[in-house]
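Should a chain be cited, it is by its letter among A, B, C, D and E, assigned in written order, with residues numbered from 1 in that chain.
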Amino acid sequence: GCTAGGGNDSSADDLKEVKLGYPIGANDFIDGVGGLALELGYLEEELEKEGFKLNSQGFTGAGPAVNEALASGNIDFALYADFPGIVIQSRGIDTRLISIVNTQGHAGIVVGDDSGIESVADLKGKKIAYPRGTFIQKYLLQALEEYGLSEADVELINMTTDAEAALVSGDVDAIAYTDGVIANLAFEKNIGKIINTSRENDDWTGAFVLIGRSDFIDGNEKAATAFLRAFIRAKEYAVENPQSAYEIFAEKSRISIETAEYLYGSDDGAFEFFSLEIEPLGLDKVSSNKDFLINEGLIQNDFDVYQWGDNSYYEEANR
Amino acid sequence: MNKKVNNLNATGLILPLIILLAWHLSVQSGMFPPAILPPIGDVARAFLNMMESGLLVGDILVSLTRVLRGYLLAIFAGVTLGTLMGTSKHINDFFTLTLNSIRQIPILAWIPLIILWLGIGEESKVAVIFLAAFFPILINTISGMRSTPKGLVEVAALYKLSGWMTFKKVYFPSALPQIFVGLKLGLGISWVAVVAAELIAASSGIGFRISDARSMMEPDVMIVGMISIGVLGVSMDKALTLILERITPWKK
Amino acid sequence: MRGLSIKDLNKIFSTNCGDVTALKDINLDVKKGEFVTILGHSGCGKSTLLKIIAGLESASSGSITYSETKISGPGTDRGMVFQEHRLLPWLTIDENVGFGLINESRAVREKLVTDHLKMVKLDGFHKAYPHQLSGGMAQRAAIARGLVNNPEILLLDEPFGALDALTRIQMQKEILKIWESEKTTMIMVTHDIDEAIYLGQRIVVMSAGPGKIRSVINGDSYESKDRGSLEFARIKKQILGYFFEEENINPEYMI
Amino acid sequence: MNKKVNNLNATGLILPLIILLAWHLSVQSGMFPPAILPPIGDVARAFLNMMESGLLVGDILVSLTRVLRGYLLAIFAGVTLGTLMGTSKHINDFFTLTLNSIRQIPILAWIPLIILWLGIGEESKVAVIFLAAFFPILINTISGMRSTPKGLVEVAALYKLSGWMTFKKVYFPSALPQIFVGLKLGLGISWVAVVAAELIAASSGIGFRISDARSMMEPDVMIVGMISIGVLGVSMDKALTLILERITPWKK
Amino acid sequence: MRGLSIKDLNKIFSTNCGDVTALKDINLDVKKGEFVTILGHSGCGKSTLLKIIAGLESASSGSITYSETKISGPGTDRGMVFQEHRLLPWLTIDENVGFGLINESRAVREKLVTDHLKMVKLDGFHKAYPHQLSGGMAQRAAIARGLVNNPEILLLDEPFGALDALTRIQMQKEILKIWESEKTTMIMVTHDIDEAIYLGQRIVVMSAGPGKIRSVINGDSYESKDRGSLEFARIKKQILGYFFEEENINPEYMI
């Protein structure tokens, strides 16, 4: 990589580069508090204060590429759902869980408008598309169970991409996907209605995390702290100006303000779900997600999530 | 003949061995993280596991069926249309612009439309493979037909051979070596496309296994998948070479 | 008229060095059953003329009819042996020779092919491929192909050019035999003056730049078929005279 | 000549017009949901918006640079290696097995290794395009070299031409038409691979835009991307045809 | 010995119909500056023999040396004109003719090419491509290519087969002129007996199945160069005798 862009700016040259990777679905933007910190420039500012220069990079098509970049040392930090983080840690790449940025990653189920399906219970015998190996898989199984259905009662179809085309063409009856996607389908594109979301049960939600390579963080602890500081500032901004925060989310994700409010306004602008801190509740959730992955045979190596998480950066940032 | 084949195999094995050695040494040196480039032993173990559980054979059969269906369709359509386009200027003019445009469009971009038209069953996976294999076969067939010596076409004209007979006796055998270049390329690309095809609602198949292993960071399984495809592809390619030799006895 | 009639025929090729007039104002009638030989400098349009008669090239202007019908393409009434052998590389020799007999039954085809391969002394090479034959052998196979389906007019473009002296004499005799028994109309291009006189009832002498008919000589007398005769020598001298018109070579030298 | 080109364009436009009409009618009839197949008007509007904002031109320039870099590298490597393999049995034996295996392996499966070796910058995207374009060029070059008439090679041997001069004067011009078949296929595939390439850490480029629009369910933007690639690809393909005609004046 | 020496040469091709012995026990010495012509039935191995001398084919057994050195491949001391013209389709005629002069300066090359194109009467076709020429014109260009770089031995494989009578005579005279002025050793295959006698100091008659040397005839006397002489007729009769040995054709008929 040739990064020597402006050779005469000596102060910029002295800064050490920190590379952050995250999955993107839309317009090079990651949802949530991280996206807000990036968009508002806080992340860049905080890192610069500690002598770092931010190089952020979105990865189309989510998880795997971010993990590959992290494993091969092409990025230092990753901001994404806890599932890929668990996968990479379980694969023996030495990483550190620095922050649980969101303890309420939502998912939902959307069906065709005139399908006659009103609740999860009606899904008996139907085809449901879902992305295998993500927290949505866990949510879907839990939701089905809650409504008295087992895996055998429905036809589950693994679709990591293009599920919406299958819904539109009638090849599947329902899609389980992330909150953002189903809201987009239901409210923006008007091609379906939401029959269930993880808002119903906090156990069904996923978590979003910031992790970093241990060999980078050791010696560059200040970079990790700077991330947390920026996130804290972004959360404060959102709490103080909820309306502008919704606007930013709406604009960057190309959705309407109403949809943004639906997605982020569940606690009326308190933004409690941007926990940032690594507290026991969040760790429990991550740990149960890890257990799910192991039970499903998706990963083999167990590890201790409570050891993985390291709240010292949050504490340092709050000091 | 037989001796030649053996010779080829011996020389051909040098480079793979060098690659294996380089792989082994670079993993040993700790240069690459095993989460991306695992030790050869891990791959062997993953292979044995997948063989034992029947997973690998199952995946191969599923993907092989898809590849064969898409590829055979592509041969049929590519050779037929290629013949028409290579021998008739009108047909050529009619299709060239459209096919040339379609040819450039990424396969991944087709997937939503393919799902819309063909659903999420086998048809759509076969269609993706067809779309990938069709163009190399088409273009090589056209070019092969065009390079048929005019003198020989004149001989057919002289004996008033029907269009079909002229095709069978002159154009086709003349174009055959180049059609086979297309068939080989098309076959290779069919296997390349199998991953894209199995992004559409698949839960088995070697392409699905590769994507799945990738998202679960199981490079050993992934490499087993890659090697399986390599071996399958090479075997089918070799079969094509033998068929070509068999059906073109005039080429020595 | 029953036969071939060429009127005011012109043929112009356009090339990257401009237009080339290959044939200019050709007028020629060939009666049914006649044997006409064509002599002329290299590049004077002999092959082009045969191809137009065969229907493989179209004329730029003028008319060409056979049995009162305009020639607008090839027909099984006309056969041709090309200057190059043009055997199909992917067919064995017997398949090549049987190429024009595709509509015949297998038995008929095999019989005809075997007979003709014997005639051109290629028995034993039935299953060989063209690239395994010498130049002369390939040309003999091509002659067999031209004869095998017994056309009404046979167009021969220097068919014996690649043959050795003995085979050549034998082939000349074979052609005469076929001509006499089958009453085939023969139009043969050759660059061997002796051959043209020996075979042709009429000898067409063409001149080049642009290709025109310089003269048509009658060589149909019994005398002219005897290579030792005075008549033969006279005709040869006459032809050489036309050839050497523009040159300062003494035709006597050649005889 | 000029007239011929115009003729071709006119006939070639019939089929695209039919397709446009079918598109229009099927959208009007409500057969397909606009979320997947939008009205032509929407696509036109999206096109104008993307032109106005400079987004489209920017994306095209980014992707074009990547495609050109990968493609040119593939031409260089494919023609060089293809020449060596097509003219020397030893070199051919040495590489065939390995390259034939690699050729079958899905590009998407290479991405982890490419990231490992080349990082997430431009190099890795160029590598994906290279990998896709390389094989059609290689295989057609080999086949073209092999079909050089032996008689003409003998002429070069007779005059004791050096290996290089024999290549330049005999093998290369003889193989040229078929090399161009490879170049055309390779070019098409470069554009097909641009989406896969831009799945690696990209935030602009026409392939990125397509993936992005796809996940955002903006079929109008997606179709603008597809058509842009189609138009670009056809123009470059046409340019290749013209170059071939220019440099092979002996072919009429 | 200065010159070419062939000892116990054999050549066997293996084909799908089994092995073909193309040449059997060939022994022949050609002195420097000599003009040898080779006659023989089609398929008796004449082209194969020339290719082995040129170094383009290897012998199956036996030895072949030039100036005491074993021939193991082509050399600029030996030139060849092939039975087919073998012009490179992608080169214009002047580039084709200048093909063997790649190491010469541009000026020298142009001069030599222009001279030789004039000699074979192809001036005006400098920039044409081979496919735009008639068969005879292409063969003339090939002859020019063979002559242009002035080899010590020139191997000619039926070079005049496709030429018309006049051009043929002119080319024969040109070849003789070059032979006399350049002292080039000439080995020419032909199927024209008159030509073989007229040009050759010695005439090698080959017989087929397998290809062997039947006889070597001396034709170097002044008398034998006169086509009207008794000596000429005697030699011709002798050759036809060899040819017709196996056949029941009366050689008288041909003379």
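Worth a mention:
Operating definition for what follows: a residue touches a chain if its C-beta (ideal position, glycine included) is under 8 Å from a C-beta of that chain, and two chains touch if they have at least 3 such contacts.
Per UniProt, the chains are B, D = Sulfonate transport system permease protein; C, E = Sulfonate transport system ATP-binding protein.
Here the structure is a predicted model, which means the values were calculated and not measured.
Common partners of chain B and chain C, by the touch rule above, are absent.
Minimum number of contact steps separating chain C from chain D: 2.
The minimum number of touch steps linking chain A to chain C comes to 2.
Spacing of chain B relative to chain E, judged by their CA centroids, is 50 angstrom.
Each chain gets one centre point, the mean of its Cα atoms, and the points for chain A and chain B are 38 Å apart.
Rounded to whole angstrom, the centroid-to-centroid distance between chain C and chain E, based on C-alpha atoms, equals 26 Å.
Contact of a single residue of chain C with at least two other chains is seen at positions 16, 84, 129. Chain B has residues 32-33, 36, 112-113, 116, 211, 214, 249 in contact with two or more other chains. The set of chain A residues touching two or more other chains comprises 64, 68, 71-72, 161-162, 165, 168-169. According to the touch criterion at the top of this document, the contacting chain pairs are A-B, A-D, B-C, B-D, C-E, D-E.
Chain contact summary for the complex, chain E toward chain D: residues 51, 54-56, 73-76, 78-80, 82, 84, 86, 88-91, 99-100, 102, 129-131, 149. If you check the complex, the residues on chain A that touch chain D are 1-2, 21, 24-28, 57-61, 64-65, 68-69, 71-72, 74-75, 161-162, 164-165, 168-169, 181, 184-185, 189, 191, 254. Residue ranges of chain D in contact with chain B, taken from their complex: 7-9, 11-16, 19, 32, 36-37, 90, 93-98, 100-109, 111-113, 115-116, 135-136, 139-140, 143, 147, 177-178, 181, 184-185, 187-189, 191-196, 207, 210-211, 214, 219, 222, 225-226, 229-234, 237. Residues of chain A that touch chain B in their complex: 63-64, 67-68, 71-73, 84, 87-88, 91-93, 129, 132-133, 157-162, 165-166, 168-169, 171-172, 298-299. Against chain E, in their complex, chain D makes its touches with residues 151-152, 154-155, 157-161, 165, 169-170, 173-174, 176, 248-250.
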